[in-house]
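We call the chains A, B, C and D, going by the order they appear; numbering starts again at 1 in every chain.
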Amino acid sequence: MNIYDLIFYLFAAITVFSAFAVVSSKNIIYSAYSLMLTFFGVAGLYVLLGADFLAIVQLIVYVGGILILILFGVMLTNKVNGMPIHTEVTNLIPASITIGLFAGIILAFFVNTNWKSTQTEFPNTTIVALGKLLMNEYILIFELLGVLLLIALIGAASIARKK
Amino acid sequence: MQQVPLLSLITFLPIIGMILILFLPKNNEKVIKSLTLAVTGIQVLLGIVIWRFYDYSLGGIYNQASFQFVEKFRWIEISSVSWLGTIKIDYFLGIDGISAPLILLTAVITFIATLASWNIKTSIKGYFALFLLLDTGMMGVFVALDFFLFYIFWEIMLLPMYFLIGIWGGPRKEYAAIKFFIYTLLGSVFILLAMIGLYLSATETLADGSKVFTFNMLQLMNAENYTADGILSPLNPSNLRLWAFLALFVGFAIKIPMFPFHTWLPDAHVEAPTAISVILAGVLLKMGTYGILRINYPMFPEITNQLVWWIALFGMINIIYGALCALAQKDFKKLIAYSSVSHMGFVMLGMASLNTAGVSGAVLQMFNHGTITAMLFIIVGIIYDRAHTRGLDDFGGLANQMPVYTGFVTIAFFAAIGLPGLSGFISETFVFLGAFHVESIRLITVISTLGILLGAGYMLWTLQRIFLGQLNPKWSALEDLTAREYAMLIPLTIIVIALGVYPSLMLDLMNSSVNTMVNFLLKSPETFSGLPF
Amino acid sequence: MMTIGLQHFLIVSGLLFSLGIFGIMTRKNAVMVLMGIELILNSANINFIAFAKYGNFGYHGQMIALFVIILAAAEAAIALAIVLNIYKNFSTVNVDEVNKLKE
Amino acid sequence: MSENQIILFSLFSLFAPLLGFVVTVILGKRFKFMYLFEVAVITLVLLASISVLFVKLGYLPDTKIVSEFAWISLGNLPILGDFNLSLGIMIDNLTVIMLFVVSLISTLVHYYSIAYMKGDPRFNRYFAYLGIFTFSMMGIVLTHNILMMYIFWELVGLSSYLLIGFWYEKKSASDASKKAFIVNRIGDVGMFAGIMMIFVTYHTFTFDTIFENISSGVLPFNSDFWLTITGLLLFCGAIGKSAQFPLHVWLPDAMEGPTPVSALIHAATMVAAGVYLVARIFVLLTGDALFIIAVVGALSALIPATIALTQNDIKKVLAYSTISQLGYMILALGVGSFAYGFFHLITHAFFKAGLFLGSGSVIHSMHHEQDIQKMGALRKKMPITYITFVIFSIAIAGVPLTSGFLSKDGILAGTYAFGLLTGQWIFAIVGFLVAMMTAFYMFRLVILTFHGEARDHHKFEHAHESPLLMTVPLMILATLSVFIFYTANPVDAEGGWFLSKWVKTPTTVVPESARYSFMVSDANIEEIAHSEKIVHSVSYSEALHHAHMPAVFLSLFLAGLGILTAFLFYQWKKLNADKLASSLKPLYNFSYNKWYIDEFYDATFLAFTMALSRFLAWFDQTIVDGIVNGTATITRFFSRFTGGFDTYVVDGLVNLFAYVSGMFGLILRKLQLGKVQAYVVLVIFSLVILVFLFTNLQIG
């Protein structure tokens, strides 16, 4: 068991357990913070997979952006007055059964499939390559996404403002 | 110069202006008006640039190489549409001596009409946005060389006109607008039918040797491009070319407007605001005759040669009938509207001659009628703005009250009568000389000369009823022209006089194209011939 | 135990996906539902990047993941705006109470 | 002075009045004295045309100077061939004489008008109009092609319209101006048709080229008949402009304009343009065409003369006399007496302008009273006007020693010779009859105006001699009415310098089959060109010679008879005019009411046109538009029907379908919970089931 494996298990554990905490915690604030841990874990996995740039983006966008947004959402939609914020749970039993079955199935798929695995070694940093791709092959998508973000920005503002 | 897409610029500039106007706040009237004025002013400048760089020696009509300021690229291409094969539509602009004068006319008239729109009071933003859209439609019709594109511009122009009459018009505006709209739409349907028929009958050979159906007007003028079994192909023994010609002709004749399809015109004119009347008479009517010259004539030369007598006959009816109807009118604007009917008859008569003098006269008459009628409608608008009535018998003796105005009126009226030294004379003379040259329509021409007599009758009578005699004390407060009205009338007056004294300004512009057209019509019936009629 | 390979990452991603769906199914709070969705998106991203490394897809996998992140950001913004709006209209963010969809 | 200078001076005479018009009309509102500019310009024009006259007639009497520039050049066209229109001037003897006459009378009228029009609110405008008239008239005189002549033809029509209607506040004035323009237009339409014929045949408008083509045998539609028609169509223009029967009705009405205008336009120059046109195209007129022209001329000479006998308005009498004299000229041209026709045009221009200016002087001093029944005894108050008026009157009556005697005698000799040559004596009879009537009505006018007792004492008291500005032009014109300016022989103009040197009958180009035989030159043309004879044919010349003496005595006798009768009736009252009038009541009324020609036109052509126009307007509104609206109504009715069909049948089916679907929906809705989570659970669960069902899952 080398250090690489060790680190993988560490991050995998962080990811899975914190994700479990997200869905199981009754306090929505806890859930949110656990989600942050999940994102960290996933970012670690990205690093292990040689996607350093994505790991950074994951941290910046998810942790710095989306999570903060979600927290705002929590704050604005719950009357925060010192009390811990609990949320209700429904469908617990059917959901558990379904998810159990579902998880079993996909895990079985993953494990049992005979993956043709050829390992690509990425350079130390992928930023240069990704940047070039973005500006060449993916330029259209890139720009469309820019427009999309703009629209989302305007749309979100206008939806939220609406009476 | 060829690198600058001048035609696209002059065509779509108003659209840009329209978008800008749409972004402006509603109550910012001054800016909206000045913007429109600037846009149309730039159009006039562009028109002058085009005129300046126009090569008088190139003929156009059927040969792409001799068109000028050509812009052509693939616009729509849909490959393998079931049995149709590849649909290929070009964005194809270009001008020759037939369209160039009309482009100048459109630019000038639109500019003048913008000034005439200054006293629009309600929903200014909408008005000027539609106005500019109309402008694009009109320009587009004159520059498009692809039938599909032509049709699109044709329709673009229709809609704003409907609203401009229907919203900003007079008391019976709804009736007039809907009548105009339905009439013109009916014409459009005929045009559309014929267009599709032509499309499915002719192919164009692409660079790689493959053949596709084409909307390209110039390709449609070439008899070799028609397929053997096309419904409108001259090679097809049971073709429907006569019917297609008639469909197109009716479609365009409604716009001219030709008797008996003319009744939308007096209503539309009477109800439309001044500026729109100016555009309607100054530019829109020309589209009918332009369409016949651009599409009917070169695409159906053999049928054209067979039907000239009828075209001349209807021209004569227009002349006489319009003049007699004008004589009986009591409403100033309606009188001018009927005089338009009469004057457009000259255009048809000239076109029917199929020789250079007649066709030159016809094209020149389109230009001259545009400027002169614009003047006349502005004149009606001026008096209506002040007196709020247009009844010919309500006035009298205005010559003393408004001497300068009367001066302009006199010039415009005499230009309309065809007084030498003013532009109307030259075109009418050319029309008559050309038409008289053709033996089959000689009698029609002689009868048509009565039109100039009747024209003098109703115009002078009008002049007398409104301006001469004792001043009706009711109108003793009427003001003479304002600076804006000077700005509208003076340019038109200058054009009218300049073309009357030195018509070569325009004739040189159109001469080689008209010759090309005449030669084409002379020779191509052979290639289109051998057809059961 | 074999060395860490594709399957390991896939298993993590599968677990994350299941948990995300579980979250969506069980929680009433709309914000929680949103968090579930984020989990699912993350799991998908892990898949993309894992296949980028082991599936010989080069940088394209990472590219897609990048776009997914961007979309996620946009989606989160819109979704939260909608949640706020729902909250204003219904004074609750519990999705089962917002059942106007039925009518 | 070379040819170039002649051209330059002529062009100056042409364009300077235009400049005067433009400047005066634009600045006239601002500056009160702007009319002086126009007057100065016209004076310069007079000087220029005098120099042209002297140089051309003195040094270059046999050359024709042409100068042109390309106006519309379209090059070689399909079908039409060469199509190049040029504007140009042609200067021959006729031109310079006309140029001088027009500019002289125009100048005199300008100066006269300064006094006559004093105090008019549109004083400057008036002079501007005179300017544009002079310009257009010069254009007619100078042009070298028929199209340009038509252009200026219309322009004089315009200026005439503007000047007749100058006092447009009066309904009668604006009516008269409109009538003048439209009646002229009728003639012009005919002329234009002639121009089209010319163009179709010759593809050119230049006179000389047309004539060359005709003489080389190119005829319209290759027939003499159509050449006749072409000539007559062109002559239609002259009928309109020169107020010939049956289009003469506008000229008496045109007297609504200011009197100097009547003198300039409606007596001396513009109305003579028709005669000038016929003179220009004289060579292409066939025998038949000339005969019809002569008939028109004779009728135009006779009918207005009979009307003039009974008119009481001083200007109307003169107007009808003008028509009658123009008829004389046309008649002269029609019988082939080209030179005398043109000669009469010149002499008539002077004395008729003088008569009008004289009548203007009377009207001016009588405070715009035009009825001769209210005048009388004015010779005491206005001696200069009286004397000049009498000179003009004896000139027009044809008393020896005057210019009028020479030209009128020539015309009568021409008709007499025509009778000798062809046996058609009717023209001679009409000619002599009219000569007598002319003498009568002119002296009736003189006597009633200037002699006898004053019939309106109030106005008579205030009457006074006109200022110098008005009387000097009268004196100049009176001088020019004396024979000495035209020939040294007071009884026979032939052999005088005017006719033998300057104005000769041109050789006709009409093919032999279509021309009068006596007009064919039967001697060596070269010889004739330099002889003193005014016609080319020996037989015609001889006939004229034979006709001369009888014509002189007969015309003298008849003129004397006319004058005597006038004195008997009105001066010495030996005969009672009223008694005669009442005894010939129907005839008198017929004459007094101008043969009811106006009424006839009103009742026929005008009424017909207006009725037709009203009918067509109704037709347009009711029938054509009615069909359109009817179509709309039918469509709407049909659409209501289909609408009903749509609502109850088509829509009913759709609604039924919707209703059924709705029922199903209601049932199925029970299954729906409206909760997102529940859906998700169901989806995932179904997915799992599906996986189990459809995949061949092999675990392990």
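Here, contacts are C-beta pairs under 8 Å (C-beta built on N, C-alpha and C of every residue); 3 or more make two chains touch, one makes a residue touch a chain.
Everything quoted here is computed from the prediction, not taken from an experiment.
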| item | value |
| --- | --- |
| Of A-D and A-C, whichever chain pair has more C-beta contact pairs | A-C |
| Chain whose average C-alpha position is farthest from chain C's own | D |
| Inter-chain centre distance, chain A versus chain B - centres from mean C-alpha coordinates, in Å | 65 |
| For chain A paired with chain D, centre-to-centre distance based on mean C-alpha positions, whole Å | 99 |
| Distance between chain centroids, defined by C-alpha means - chain A, chain C (Å) | 7 |
| Sequence positions of chain B contacting 2 or more other chains | none |
| Interface hub residues of chain C, defined as touching at least two other chains | 21, 25-28, 96 |
| Per-residue overlap in chain D, given as positions that touch at least 2 other chains | 675, 677-678, 681, 684 |
| Topology of the chain contact graph, where touching chains are joined (line, ring, star, complete, other) | other |
| Chain pairs in mutual contact under the definition given at the outset | A-C, A-D, B-D, C-D |
| Contact set on chain C toward chain A in their complex | 1, 3-12, 14-23, 25-32, 34-36, 38-39, 42, 45-46, 49-50, 52-56, 58-60, 62-63, 65-67, 69-78, 80-85, 87-88, 93-94, 96 |
| Interface residues, chain A side, partner chain C - complex | 1-2, 4-5, 8, 12, 15-16, 19-20, 22-23, 28, 31-32, 35, 38-39, 42, 45-46, 48-51, 53-54, 57-58, 61-62, 65-66, 69-70, 72-74, 76-78, 87-92, 94-96, 98-99, 102-103, 106-107, 110-111, 115-120, 122, 126, 129-130, 133-134, 138, 141, 145, 148-149, 152-153, 155-157, 159-160, 162-163 |
| Chain C residues within the chain D interface of the complex | 21, 24-28, 33, 95-96, 99-102 |
| Residues of chain B defined as touching chain D within the complex | 179, 182-183, 259-260, 262-264, 321, 324-325, 327-329, 354-357, 360, 397, 399-400, 403, 407, 414, 419-421, 425, 429, 432-434, 436-437, 445-446, 449-450, 452-454, 456-457, 460-461, 463-464, 467-471, 502-504, 507, 511, 515, 518-519, 522 |
| Touch list for chain D against partner chain B, complex | 25, 29, 71-75, 77-80, 83, 147, 150-152, 154-155, 158, 161, 165, 168-171, 173-175, 178, 181-182, 185-186, 189, 192-193, 196-197, 199-200, 609-610, 612-614, 616-618, 620, 624-625, 627-628, 632 |
